[in-house]
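What follows is subunit A paired twice: with subunit B in the first complex and subunit C in the second.
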Partner chain A sequence: MLSLYVPGDTIVHRIPAGIKLLILVIGSMALFVISNIPVHVAELLIIAALFQVARLPWKDTLRQLRTALIFMVPIFLFHVFLTDWMLGLETVLRILVLLLLAVLVTLTTKVSDMMDVLERVVRPLKHLGVNPSKVSMMLSMVIRFIPMMMREAQEILEAQRARGLDRNAIALLMPLLIKTLKMADDLSESIEARGYDPEPVVPVWKRRG
Partner chain B sequence: MSLPLAYAWSRPAARIQRIMFEISNVSQRFGERHVLKDISLRIGERRVGVIGANGSGKSTFVRLLNGLLIPDEGTVTVDGIDTRTDVKAVRRKVGFVFQNPDNQIVFPVVEEDLEFGLKNLKLSKQEIASRIDSILGKYKLEHLRQCAAHLLSGGEKQMLAISAVLVMEPSYVVFDEPMTLLDLRNKKLVLDTIHAIEQPIILVTHDLEHLEEFERVIVFEDGQVVADGAPDDAIRYYTQAMA
Partner chain C sequence: MTTRDMVFVALFAALTAACAVFPPFQAPFVPAPIIVQNIGVMLAGSILGARRGGLSLLLFVILVAVGLPLLTGWKGGFGVILGPTGGFILSWIPAAFVVGWFVERYWNRLNFWNLLLFNVIGGVIVVYVIGIPWLAVVANMEFGKALAGSTIFIPGDVIKAIVAAAVAMVVKRSYPLINP
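== the complex of A and B ==
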């Protein structure tokens, strides 16, 4: 799922990232504690309303969710045959609510804002030698580079097909790996050149005094 | 191809008002390869071009100028600051724009990427916001502020990469083949942008015609400076050597 931030200035966009993430965490846990189909349907409706309020493109969202939606069918059938259809419906509803809630948060929250929250959450791990700013930097770069890697993979596949090679995982993997390493090299130079200098983190057992 | 080194022009020091970069007896090896061989240069001009064949050492050379590379031998100073002793200060002074804009945009959204360098400078939130506003306005990128970086065109990406360096307000800017991957229209846009920059710049390029208005052109060949002087002379030497 490659849902990226859709810019906007609606009330959903303006809710602080920390609160949105907190709702996501608590909501996803509550979802599995509550066992009541009407409540789940109501949640679904509320989320749909929020999508409307945030003026998000329904079509794109559904297209991104297509693969996940296809999985709902076997999950539902599994329950129909092995347990009962009510449980199946509930499971599917839970997953749907969870997915849509997660998509809603990612589409309306800037990555940098999410990273700031993450940095704050990870901060206590500083005492164990984990560098919070590096963790958040790493994650935001993952988000930045997934679309790029997919394009690179596409280019390699095309070049190989042009020379008569059909899909072949190993033949794709090697050049992609080499390209990725080169990209990582360039990227680290550019990050250094722009003065990235996270505070050093010393784990508690290496501190003196 | 062996070239007589006698071609190297020496530039009268009096014409340099102030030495910005001083490179003294620098040698650099990567494994077996001797990439730079005892280079000594003083740079104080506002517009300096660096040319040379692929693998001639020019990219290695410019990487010394902001401490991306610390030389094996010799010293590099920027405004008197040694890259070996205070690389952070040097990097704050010297901005660096790379060839491939894709690999220098770090964050997923345009605005966030511009913020990155400014946060590294530890500026206040208001200062960061006002600098981003002014740079987006200056380079007419305002409409891209919230765009996903991977959806920009090649030219827009390079303009973002340049803006992300200039927004940090460095004293000097080094460009390593910034136009190589661009189409003609974007080449012109980036070139005009580079020409208009107030700071002194050092431009590595393969497009010789872009250097005509420069004050000084340095030609690299096999890890050595083989020509250094006015653009006409240096470019003539280079094109003859390549023929």
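== the complex of A and C ==
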């Protein structure tokens, strides 16, 4: 399955996914409250050290940051010309810290572990009428369907390229959409044929109150 | 929600992801490249309606956040969500919902022109209303400047709304999925 996770067994990899996500959420909020250049430089050094500890290849990190880095040049220039360069430096450093922290979490945490955290977060929502088992069922379906749909999209792109229609958005989208709609009925029938019940009965021994 | 609804929600999330395969377009008189992917937002809203469309994009954004490289250019992870353009990605959830809400309200009177309008309201205006202030805050920019910088994408987004409206009208006639 496609994923950005870089396998490893370092201490950064072994921190539970829930803790990493909590640090990321608190950290990203703190970045906007405490924002000055020396603090950001210190944070950058700490994060760089963590990247070393996690033994992440530079290639993966850079690939995730590339577009953001391109984006930071105009942000910096904007501040140089219109406000002052110190504010520009502070802003760019803050975004860089934020992104590096996020990339660190993304590259060292398995998607399945993050999904477990997500399931735990969603569970209390059942009191609001959200069915957690349906949420995880749908998430697993999306993960299953993505490679399938990407293959379909790739085939359509190649077929339309052969006809010289690969610059025509409707010629690409319409066949993909028709395939999607045709697939939906077959898929829902085969899911139910395998005994999936969208409204499962809760067994007596699991009922509470 | 039936199994069929769940399958549609999952399929449109996967469809939005699959649109990352299509290379960005370069249209005449449009300064920025047009990324096909956010047509998926408008299509999910126009074809599935508010609840299923919004849910579909919610699943997509969750999977991007947890680290699947599903955005055009194979990007993903929390960095994209928290970065300067993260607001544009997060806005896709309410955007699909808003498109769907209008489509459901006007289902029996739906034609190309009002569907185009709904796609512009949800898929363009909602996206900018959330994305631009986010950009302004993260990049320490003035709101007006962030707005000015984003205007180069508006022509491309309007073209996408036209394509989405044309495609969704064909689907409405041949395979309607909304029962108001």
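We adopt the following convention: the second predicted complex is superposed on the first by the 150 of 209 C-alpha atoms of A that agree within 3 Å, B and C clash if a C-alpha of one lies under 4 Å from a C-alpha of the other, contacts with A are read in each partner's own complex, and residues count from 1 in each chain.
Definition applied: a contact is a pair of C-beta atoms (placed from the backbone, for glycine too) under 8 Å apart; a residue touches a chain by one contact, two chains touch by 3 or more.
Computed from a predicted model, the values in this text were never measured in an experiment.
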Original post:
What is the contact status of A:191 with respect to subunit B (first) and subunit C (second): first, second, both, or neither?
Top reply: both
Original post:
Looking at subunit A, does subunit B or subunit C touch a larger number of its residues?
Top reply: C
**OP:** For A:183, decide between first (touching subunit B), second (touching subunit C), both and neither.
**Re:** both
Original post:
With the two structures laid over each other on chain A, which partner does A:7 touch: subunit B (first), subunit C (second), both, or neither?
Top reply: first
Original post:
Just subunit B (first), just subunit C (second), both, or neither: which does A:111 touch?
Top reply: both
Original post:
In the superposed arrangement, does A:61 touch subunit B (first), subunit C (second), both or neither?
Top reply: neither
**OP:** Check whether A:141 is in contact with subunit B, with subunit C, with both or with neither, and answer first, second, both or neither.
**Re:** both
Original post:
So which bits of subunit A does subunit B touch that subunit C touches too?
Top reply: 4-5, 111, 141, 143, 148, 183, 187, 191-192, 196
**OP:** Show which residues of subunit B lie in contact with subunit A when the two form their complex.
**Re:** 63, 66, 68, 88, 91-92, 95-96, 98, 100, 102-109, 112, 115-117, 120-121, 146, 148-150, 164-165, 168
**OP:** Sort out for me which residues of subunit A touch subunit C in the complex.
**Re:** 2-5, 24, 28, 32, 63-65, 67-68, 71, 74-75, 78-79, 82-83, 87, 90-91, 95, 98-100, 102-103, 105-107, 109, 111, 114-115, 118, 134, 137-139, 141-143, 145-146, 148-150, 152-154, 157, 166-167, 169-170, 172-174, 176-177, 180-181, 183-185, 187-188, 191-192, 196, 198
**OP:** Spell out the residues on subunit A that touch subunit B in their complex, using ranges where they run on.
**Re:** 4-5, 7, 110-112, 140-141, 143-144, 147-148, 151, 183, 186-187, 189-197
Subject >> Footprint of subunit A on subunit C - complex, ascending >> reply: 1-4, 6-15, 17-23, 25, 36, 39, 43, 47, 55, 59-60, 62-63, 66-70, 73-79, 81-85, 137-141, 145, 149, 160, 163, 166-167, 170-171, 175, 177
